[in-house]
Amino acid sequence: MKKLNVGMIGAGFMGKAHSLAYAGMPMFFWPAPAIPHRKMIADVTEEAARDAAARFGYDGYTSDWRKVVENPEIDIIDIATPNDSHAEIAIAAAKAGKHVISEKPLARNAAEAKAMLDAVKEAGVKHMVAFNYRRTPAVALAKKYIEEGAVGKILNFRGTYLQDWSADPNSPLSWRFQKSIAGSGALGDIGTHVIDFARYLVGEITDVMATTQTWIPERPVQSDGVDKLGTVKASQDVPKKPVDVDDEFTTLVKFENGAVGSIEATRNAWGRNNFLTFEIHGEKGSLYFNYERRDELQVCFADDPVDRRGFRTVYTGPAHPYGEGLWPIPALGIGYGETKIIEVYDFFKAIVNDTDVSPNFYDGYQIAVITDAILESAGKNAWVKIEK
Amino acid sequence: MKKLNVGMIGAGFMGKAHSLAYAGMPMFFWPAPAIPHRKMIADVTEEAARDAAARFGYDGYTSDWRKVVENPEIDIIDIATPNDSHAEIAIAAAKAGKHVISEKPLARNAAEAKAMLDAVKEAGVKHMVAFNYRRTPAVALAKKYIEEGAVGKILNFRGTYLQDWSADPNSPLSWRFQKSIAGSGALGDIGTHVIDFARYLVGEITDVMATTQTWIPERPVQSDGVDKLGTVKASQDVPKKPVDVDDEFTTLVKFENGAVGSIEATRNAWGRNNFLTFEIHGEKGSLYFNYERRDELQVCFADDPVDRRGFRTVYTGPAHPYGEGLWPIPALGIGYGETKIIEVYDFFKAIVNDTDVSPNFYDGYQIAVITDAILESAGKNAWVKIEK
Amino acid sequence: MKKLNVGMIGAGFMGKAHSLAYAGMPMFFWPAPAIPHRKMIADVTEEAARDAAARFGYDGYTSDWRKVVENPEIDIIDIATPNDSHAEIAIAAAKAGKHVISEKPLARNAAEAKAMLDAVKEAGVKHMVAFNYRRTPAVALAKKYIEEGAVGKILNFRGTYLQDWSADPNSPLSWRFQKSIAGSGALGDIGTHVIDFARYLVGEITDVMATTQTWIPERPVQSDGVDKLGTVKASQDVPKKPVDVDDEFTTLVKFENGAVGSIEATRNAWGRNNFLTFEIHGEKGSLYFNYERRDELQVCFADDPVDRRGFRTVYTGPAHPYGEGLWPIPALGIGYGETKIIEVYDFFKAIVNDTDVSPNFYDGYQIAVITDAILESAGKNAWVKIEK
Amino acid sequence: MKKLNVGMIGAGFMGKAHSLAYAGMPMFFWPAPAIPHRKMIADVTEEAARDAAARFGYDGYTSDWRKVVENPEIDIIDIATPNDSHAEIAIAAAKAGKHVISEKPLARNAAEAKAMLDAVKEAGVKHMVAFNYRRTPAVALAKKYIEEGAVGKILNFRGTYLQDWSADPNSPLSWRFQKSIAGSGALGDIGTHVIDFARYLVGEITDVMATTQTWIPERPVQSDGVDKLGTVKASQDVPKKPVDVDDEFTTLVKFENGAVGSIEATRNAWGRNNFLTFEIHGEKGSLYFNYERRDELQVCFADDPVDRRGFRTVYTGPAHPYGEGLWPIPALGIGYGETKIIEVYDFFKAIVNDTDVSPNFYDGYQIAVITDAILESAGKNAWVKIEK
C-alpha cells in the first residue's frame, strides 16, 4: 500500500489534532487511499521539536521549518502555525512540489491568500484549507439533504460561532489579539468557519453589511507565543496593551442564488463554548445544527403530514456521510479528532486520485475576500460587494 | 371591591385571549386591584356579536363598536381588531374618557401611532399596548437579573421570532398580507414583539440596518376577513393576488447604551412555530429565552467557579416574578392565557393606583418609529437613525 | 344554550384551577356542550368562602359543603378538597343526584374509592376523576398515534413524576405528609398521574413490584391546614413530627397485553419541578413526553428511511387533539389552565350527551387498587397481582 | 522515555478503538507515563491479521493469539475479542506475566470472571476491564462533585442504556444473541456499563429485583462471526434460529449506603442510539448525564438561591477532569476515541507507578456477580442478594 510522508510545521493544539488524524485515518477508513507516515515535525526550538516528535510520533524533527519543506522524502506539508507564517510556508512548500494543507484562516488577508493560491496552482500540487467543521458528519448530512432537494430552495441561512474563552479581560494578549499576526480577531479565527458553512451549504456570498466590536480594548501582555485559549489568566500587575482586532462581528449576507441571512461570531458570549450553529430555511424544510451537540442534525420536512411534522433529531452513524469508516453505532461519539481524521481522508483521496478537494486554497482565498469585505463594510457602515 | 367595566372590540383569537384574562385575573392575583366586569362586546355583525357575548361572558353586544365607546358605564376599551382600525377606535375611546388597551402593533405606522399617543395624553387616560410576551414570567425574570446587575453591562442582544404558519404558498391572502390593513408583514405582526423585548431588556434603539423579503409574492384571495393563521389552505383554482408586505426581515441594531445586536422575524421557517427567542451577552453573564419552552429561562453567571459554570435552566414559579399569583409549583405550566392575565393585572394596577404601565402608547409609538425605520433602511440599503 | 350550575367544594389551588376552567371552557370550545355557571362555593370558614366567591366568580358561598350538595339548583359537584373528604362528599353528592368530578387521587385507598364508585353507579350520575395531565394535547396525541398503530405493539412503558418542592427537610408537615388525610405520599399525590398515563396509553396493569422510601422521616408541624407546596419553610424552632407516608416509590409493572415497564415518583429530586414524563417503546416506534415542555411530543417512526430517522419534536396545535378549541398556532402555549379547560369540556360533553367519560370513578378506583398493591408489594418485598 | 509493547487480540470495532488510543494517548497526555508501542496484533486468519497490522499500525501479526501472549517482548495484552474467549486469553496472559486489559463484560458469568481475577492476582500483573464510558470527562466530573459533597448523600440512582440497532427482527443472529458466546444479551453488552456507573458513582449494590425480556425470539442466522451492529439486514429467505439471551432488562437496586434506584437496558428502543444516562438525586443536589450529549453534565445545587436555582449545563474542558490533556476549549468535542485514550492513560499510569486502576478485574468480577444475580432474580421473580 502506498505511503505518503508528512512534514508537520507547528506542534501546538493543531499539531496535535493533525497528528492524531494521520495516525487514525487508516484505522477508520480502510483500505486507506494511502498510509500517512509522520516523517518530520518542526517547532520553534530544537528541544520543543524533539519533544513534539516523541509525543506525536514523527521520525525526525527540526527547529527550522525550511528543513521540512526541503526534505525530498516528504510528500505533504501540513501548516499548523499562527496565521502570519501560512503564506511564506505554503509558497515555499508549493515551490518544493509538496502538497499543502494549511490551518485556517488561509492567510491574514486576501492579498496573502491570493499569493498562496497562485503558488499552489503554479506548482500543480494539491491544496486544502483546514475548515474541518464542515466534515462533521451531521454537517455533511445537511449538505446531502440540500443536494437531494429535501429542503427545497434555500431562503435563509443564519450562522453563529459563539465562544467565551476570552470574555475575561484578564485573558492575555496572545497572538490571536494582534492584527499583525492574526489578520483579524473572532472574524478570522472562528467567523471564517461559519463563512465556510455558508458557502458549502448555500453558495457564493455576493454582499455583506457588517458591524464589528472590540469589547475588551486592552489585555495583559503575554510573555510567550503560545495561545492558551483562556485557560490562563494574567495577574493584576501585568501591563496591558491594546487589542487591534475584533472581538465580535455580525454581518448581513446576500447569496448569489437569492438567499439571504446573517453570520456572526464572538468570543464574549459567556456560557457558549464552541457554539457553532446554522439554521437554514428552505421552501420545503429547515435544518439546524449546533456543533456543541455535533452527533445530531435537526431537520424538518414540510411534506410531512401536518399532525406528524416537527424537527427530527437525526444522530449520524453508519447510514450517514462517512459512516462507512466511523463508529458502528450513531452517538458512539464524534469528537474533534474525527473531524480531522475525515479531513485527512479526503485530502489523501484527492492526492492519490488526482482530484480536487474542497475547501482548497481557492475557497480559503474567497473566504479571505469576504473577510476583508466584512471589515471594510464595518469600517464604512455600508454594504460591500464581494469580488469573485 | 372596586369593579371596572370592560368594553371589548373584536371577538377573534385576541378577543378570546383577553376575555379569558378578564375572567381569570382575580382568580390568580388576589386581592385583585379591581374586578374586571365583561360589560359589552362588539363584533362585525349582530349575530356574531351575540354569539361572542354568550361565549366570552359579556352582558351586552353590538355590531357597532361606537356603541361600546359611547357607553357611559364602560371604563376600559379593549381593542382586539385588525391594525387598520386601532387608531380610529383608540382615539374615539380616549375622547370618551376611557382607559384604552390596544392589541399590537399599535398602528400601521408611526404617524397613526403618534395620533393615538396624542389622544390618550390629551385625555389623561391610562393606555397600554398588548405586547404580552414580555409578561412571560421567564422574560420578567431576565429583566430582574439585568436590573440586579447579574449579567453586567449588556454587549449584545439577538432576538428572533420564527414561524411557519404561512410558509405554504397556498395559505390565503388574509388581512395580515395586505399593507393597507396590516401596515407591514412579519415585521409588524411578530417582529414588533422582539423590538419590544429589545427595548424592555436592553434600552432604546438608535440605528437600524435591515433587509426585508417577500418570499411568496402572491397568495390565494380569501373570501372573508378573518385570518385563519395557516390552518386553512386554499384550493388550486382560487385566484391569487399580490402580497405587498414583508414575509421576513433581519436588522442590525445599535442601542443608546452601546450594545449592538440583531433582530429578525419570518413566517417562512418550517418547523418553527412560535420561536420567539432572545440571547443576551453581558460582561458578567448571558441569558437565553425561547418562548416555545416558556417556563424556562437560561442564565449563565461568569462569576460561577469555572468547574461549575454553565447555563442554568431556571423554571419560573413562586420565587420568580408574578409568582405570588401564578401556579404554586414551577413548570405546572405557563400558557398563552397566563401572559394575558398578567397583562390585565398590570393594567388594572395602573388604573387603580393611577400610575403608568409599560408598554404603553408611547412604547407602541416608538416601536412604530423603529418599524418605519426598518422599512426605510431596507428600501435604501443603508443605516437609518431612529428619531426619539 | 343549556346552562349547568356548578357547586365547588374547596377554594385552594385546585378551586382556582377548576374555576378558571369553568369560566374559560366556552371561550375555547364553542359552541360549548353547555355553559358552566359558577353557582356556589364552599370553603372552611364563612369569611374564606365569601372571599372565594368574589375571587372565583360564584354567585353564593358557604362554610358548610353540605349546603352546596343539597342545593337543588346545582347540577355538578366539584370536589377540590384534601383526599380524606373526597368519599364523604362524593357519596353525598351522588345521593343528591349530582354529577360529580373529584380531584385525584379519588380516595385514600381502594376501599374508599369502591364506595364512591358504588355510589355514583347507584345514583346513575356522571363521574370523573381529575387526572388532568392526560388531557395535555401532546399526551392525547400520543394516544392517537398509538391507536393508529403508528408505533406498533407496545413493549415498554417508563413513567416518572419527579418534583423537588418538599426536598427541603424544613418544608412543613402539611396534610400531604399525613397518611390519615392523604392516604399515601408521592405515590397518591403524583404517582397516580403516571399510573393514569400507563393505563390510558398502554392498558391494564396486572402486576407490581415496588420499593418505597421516606427520605425525610419527620417535618416541622404546620399550624394551618393548607399545603403551601414548599413555598414556605418552617423556622428551626418549630417542633417536628413523623411523616408516615412515602416520599418516593419505584415499581416494576407488567401489563395485561404483555408490555412491561417501570413507574416512579419522588418529591426529593432537586431541580425537577413537574417532571412528569413517559417513554414508550413499541415495535414500530417510540414516544417521549415531558410535561415540563408540554407543548411537545417526541415520536420516532421505525419506518422512516434510516438516513432520515430520529425523534420528531411535534408541537401541538390546531392539527392535533383538541386543536379545534385551543390556540391557533402551535407553541402559543398550553398551560396548566388549558388542561383543566379541556377536562371540563369533556366532562360537560359526557353530561350533555349522556355518555361515559374517562378517567371516571372506575378508573379512579382501579388506580387506587394499584396504589394499594404498590404499598403492599413494597411492604412484603414481592410481586403483587392486581385484582380487576 | 519508557516504552510499553502492546499485543492486541482482536481487530474489530474494539481493536480499532484501542489501537487509536495507543496511538493518541501520548499526543494528549504529555509527558506520557510511557509510550505505547503497537507490537503485534492477532486476528482470526493470517490474512485478516496482516491487514489489521497495516491498518492499525502494528509491527507484527498472527492468526494465533497464543503467539502474542508468548511473545517475550510484549508487556501488555489487550483483549478485544467476543466474550467467550476473554477468560482463556486473560488467564494465559497473566500466566505469561503480562499486564492485561480486557473488553467488557469481563466474562460470560461470575465463575469465569473469578478465574480471571484469581489469575491476575496470582501473577501480580496489572489488570483493567474496559468500561470506558466512566472515563467520559462529564462522568468523571460527576464523580468529583459527589466526592466533594456537592450533591450531598445520594438517595437515588437511575441508569439507562437504550439502543435500537437490533430492534429490527431481520437484524441477524450475531454472537451477541447467543448465550454460549455472549453470556447474556443487552444485560452484559450494555447494561454492565450502567452497573459500572452505579458502583463508581454511588457504591456497592446489595440487592436486585429484575425482569428480562426477549422481544425478538428468533433471528436470521448469520454466516460469519463479526457483529455488524445492525448495519446489515438479512434477506427474508435466510433461516432463523432462536435467541437465547435477553433483549432488555430492568432491575430495582439497593445500595450498601442506603440509596436505591433502577437500572435498565434495551436494544429495542427505536430512536435511542447510545442513550446511556444516569440521574442521581442527593440530599443537596442532582446530576444528570446522557452520553449522546457527552460533552455535558447537568448539575443542580440545592444551595443555590431559589430564584437562580436550576440544572446547570456544564460543558467539560480544561477545568474539568482530564482537562490537562484533552482539547483546549470545552465542546471542541469528546468522541468515543477520547474515552479510550483516557482509559489507556490511566492503565499506563497504573503500570508505570505500580498502583491499582479501576475498574479492574475485581470490579469486572463484581459486575459479573451482579449480572448473574439479575438473571437469577428475573428467573425466580424475587429479590436476590449480591454476595461480595
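Which chain is which? They are A, B, C and D, in the order written, and residues in each are numbered from 1.
Definition applied: a contact is a pair of C-beta atoms (placed from the backbone, for glycine too) under 8 Å apart; a residue touches a chain by one contact, two chains touch by 3 or more.
Here the structure is a predicted model, which means the values were calculated and not measured.
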Neighbouring chains shared between subunit A and subunit D, ordered by label: B, C
Distance-maximising chain from subunit A - centres being C-alpha averages: C
Distance from subunit C to subunit B - Cα centre to Cα centre, in angstrom: 33
Between subunit D and subunit C, distance of the C-alpha-averaged centres to the nearest whole Å: 41
Distance from subunit C to subunit A - Cα centre to Cα centre, in angstrom: 53
Junction residues of subunit B - those touching two or more other chains: 296, 301, 309-311, 315, 319
Residues of subunit A touching subunit D in the complex: 1, 13, 16, 19-20, 23-24, 26-28, 30, 32, 35, 51, 54-57, 163, 165, 228-231, 273-275, 291-296, 315, 317-319, 327-339
Interface residues, subunit B side, partner subunit A - complex: 151, 155-156, 158, 162, 167-168, 209, 211, 213, 215, 248, 250, 252, 254, 260-262, 264, 266, 268-272, 279, 281-286, 298, 300-302, 309-311, 381-383
Subunit C-touching residues of subunit A, taken from the complex the two chains share: 141, 144, 150, 296, 299, 301, 304, 306-315, 319-320
